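This structure is in structure tokens; I'll ask about it shortly.
Order of writing sets the chain letters: A, B, C and D. Residues in each chain are counted from 1.
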Amino acid sequence: MPTRYHRFAGSSLDRLAALSDGVFAVAMTLLVLDLKVPSAAESEHDLLHALLHQVAPRLLPYAMSFLTLGIFWVGQQTQLESFTRSTRALTWIHLSFLLAVTVMPFSTALLAEHTTFRLSMAVYWLNLFGLGLVLFVSLRYADRARLIREETTEDMRAALKRRIVVYQVLYALAALTCVVNTYLALGLLVALQLNSVIAPQVGILDRA
Amino acid sequence: MPTRYHRFAGSSLDRLAALSDGVFAVAMTLLVLDLKVPSAAESEHDLLHALLHQVAPRLLPYAMSFLTLGIFWVGQQTQLESFTRSTRALTWIHLSFLLAVTVMPFSTALLAEHTTFRLSMAVYWLNLFGLGLVLFVSLRYADRARLIREETTEDMRAALKRRIVVYQVLYALAALTCVVNTYLALGLLVALQLNSVIAPQVGILDRA
Amino acid sequence: MPTRYHRFAGSSLDRLAALSDGVFAVAMTLLVLDLKVPSAAESEHDLLHALLHQVAPRLLPYAMSFLTLGIFWVGQQTQLESFTRSTRALTWIHLSFLLAVTVMPFSTALLAEHTTFRLSMAVYWLNLFGLGLVLFVSLRYADRARLIREETTEDMRAALKRRIVVYQVLYALAALTCVVNTYLALGLLVALQLNSVIAPQVGILDRA
Amino acid sequence: MPTRYHRFAGSSLDRLAALSDGVFAVAMTLLVLDLKVPSAAESEHDLLHALLHQVAPRLLPYAMSFLTLGIFWVGQQTQLESFTRSTRALTWIHLSFLLAVTVMPFSTALLAEHTTFRLSMAVYWLNLFGLGLVLFVSLRYADRARLIREETTEDMRAALKRRIVVYQVLYALAALTCVVNTYLALGLLVALQLNSVIAPQVGILDRA
């Protein structure tokens, strides 16, 4: 019986990390392409007006997405660092993750263009959910396939999983408030992302 | 007689891998630029309508191309991992491969814009064929120039080559069904790519 | 008490460097997208006219931004090389730095499109200030958190900080001359960046 | 006297290589953005017509620029591999090289849009000349600053320099034929690039 391709394909963690860094770098920089320079302005006052009304409203979704990409980049990096090696299945789990990363500039532009519509928030949340789901699947798979370093204790594995679940529940709750008002949902999401980055030592989030 | 440039130029596998990761990362992220955010929408219903009619039909070609790029990225990585070093000729074979990768966003956009035309499918298939052909040439060249690691047994080399040939034959057959209907061809190609990723253990494909 | 995620997340300097190289590479190449090829030209003379009047005026802001990105890339690289490891906080400081890098193509396009307006210069300067500020914060944090290699003496640390402060003061003074004339401010900034690159051995800048 | 920044800044060859790979990857992939998908086509015949008349003429400049970027990527890689370390000056020489790389998509688009104008060819040649000039300066500087590995013999250094000079003379002669006809110049340049890649063992070019 001939040797099968899948036995030895896709086992380099280094190249997976390199591809991921590339995709994140391009996605982060493409976000800003959505910020268009106002073309016609006859006076300083005109330009200020255009910057405040055309550019400024897009800054919030843009900054939130940059934060989001940063958070998930750190999350993925932390996982990859804890793996001993890759397998073909793990590679494809992370390629799905990168697919969700490449969609982020689209979801962000949709939210920036149609902030008042709940549908935009739903699409954005779906994107966020996809990112978290794939990272959770990756962790679970790696755990069962015994790809995680021994230094990563049971406690640390649990911490990684718990963090994903807690944040996904909070994302869903925040996004749901768009039933009341989409700006409220947007504000709550930004607050969650800032909390994730700054990581205060108090409250329920401390345990996440 | 003076030393010739070609004796020592282009022998770094690491930089070839880094350039490849960069080109794949940019090509994968550029695919999504083809997904335009609907600009005018007066109600949630309008936006939903625009997303379903303008964005959704493009998702299938887009997802298929992401799958395709992922498959060929894994394929190229597997090859590069099995080489001991590069030569100038091997470098140029892989630069041709990257040329075919950069054309993928164009072929995808053509297929997404003109899905009902057989010509779009022909161009897309040609792109797919180019990717496979160059990887096959790379493998054959590396085999003859004795650039493949000893750990990669005859069986594994045969498996790598067989996989390319089997899939290329199947791609060609799938693309040919566009004579009947281009959506049938598109569906078959997506099925093939999904099969390549999920790799079930049955049927003729098991041996590939 | 469960192990907290923040204890072990985000500690790879290599991936931080790789992401940074990716973001800088994309931002540097995106700058040139602002240089549009003149579309209609009926004679060589028409084309020359279009190149001189539409493309040439954009070359100065474009070249200045490339210089700026180069300077800050060298600056960040020098810092990262002097660190022993990363922490989650340091990672986020550098992600903020990369956020300022991704905004550079926007600030440059704004300055190229509206060179005569002081507001454009103010936005550009703010971008420049952000880059310097974050690098300064990074150095201060790393110093206190004892992340700097022992080979990096007190003198070298002071040299790194002094350089940032001296140049930021000069940037601010140069940008302020836009009250008189924006082209004067632009010229002074270019002169400062060229000085930073060429690094002559004379005057007050020698000590920076 | 305080320690000066320039003594220790910018000495990592690895990050210089990583940034270069990123810039080349983005520039190579951006070239293809110039290939626009024909938007309106009512029949297969219409689409074929549009592909042949709008897309096909752009393929030649596009492919030539991909070849050119590949050639200079191999050239730069060969140099960097032969250096023992970098200095701040060498880093800036290579940043100038990358500046010339980022301009390539613009020069290519100009040549594709206005192929019949000698001015486009002049701009393209200037870009090509800039790439060669900076690589030559890099080699000369590294030689004098004793940054080249001992394994790289005098013969090899001479071969590297000779190759740049011979090709630059041939590029200039080819570009000059645009006085007769720009398509002739374009054809000769493509022939030269193909020769550089395929590297036949005959004639004067054998010694380059």
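Heads up, the rule we're going with is that a residue touches a chain if its C-beta (ideal position, glycine included) is under 8 Å from a C-beta of that chain, and two chains touch if they have at least 3 such contacts.
This structure is a prediction, so every number in the text was calculated from the model and none was measured.
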Interface composition of copies subunit A and subunit B: same or different, split at half: different
Higher-contact pair (C-beta pairs counted), B-C versus A-C: A-C
Selected pair, out of A-D, B-C or B-D, that shares over half of its residue contact pairs with C-D: B-D
Angle, in degrees to the nearest 5, of the Cα rotation that carries subunit B onto subunit D: 90
Rounded Å distance, subunit A centre to subunit C centre (Cα mean): 26
Inter-centroid spacing, subunit C versus subunit B (mean Cα positions, whole Å): 36
Residues of subunit B touching at least two other chains: 18, 21-22, 25-26, 30
Chain contact graph, described as a line, ring, star, complete graph or other shape: complete
Parts of subunit A lying in touch with subunit B, wherever the complex brings them together: 2-6, 8-12, 15, 18-19, 21-23, 25-27, 30, 88, 91-92, 95, 98-99, 102-103, 105-106, 109-110, 113-114, 117-120, 123
Partner subunit B, residues of subunit D touching it in the complex: 17-18, 21-22, 24-26, 28-33, 35, 37, 39, 41, 44, 47-48, 51, 63, 66, 70, 73-75, 77-78, 81, 153, 155-156, 158-160, 162-163, 197, 199, 206-208
Parts of subunit A lying in touch with subunit D, wherever the complex brings them together: 22, 25-26
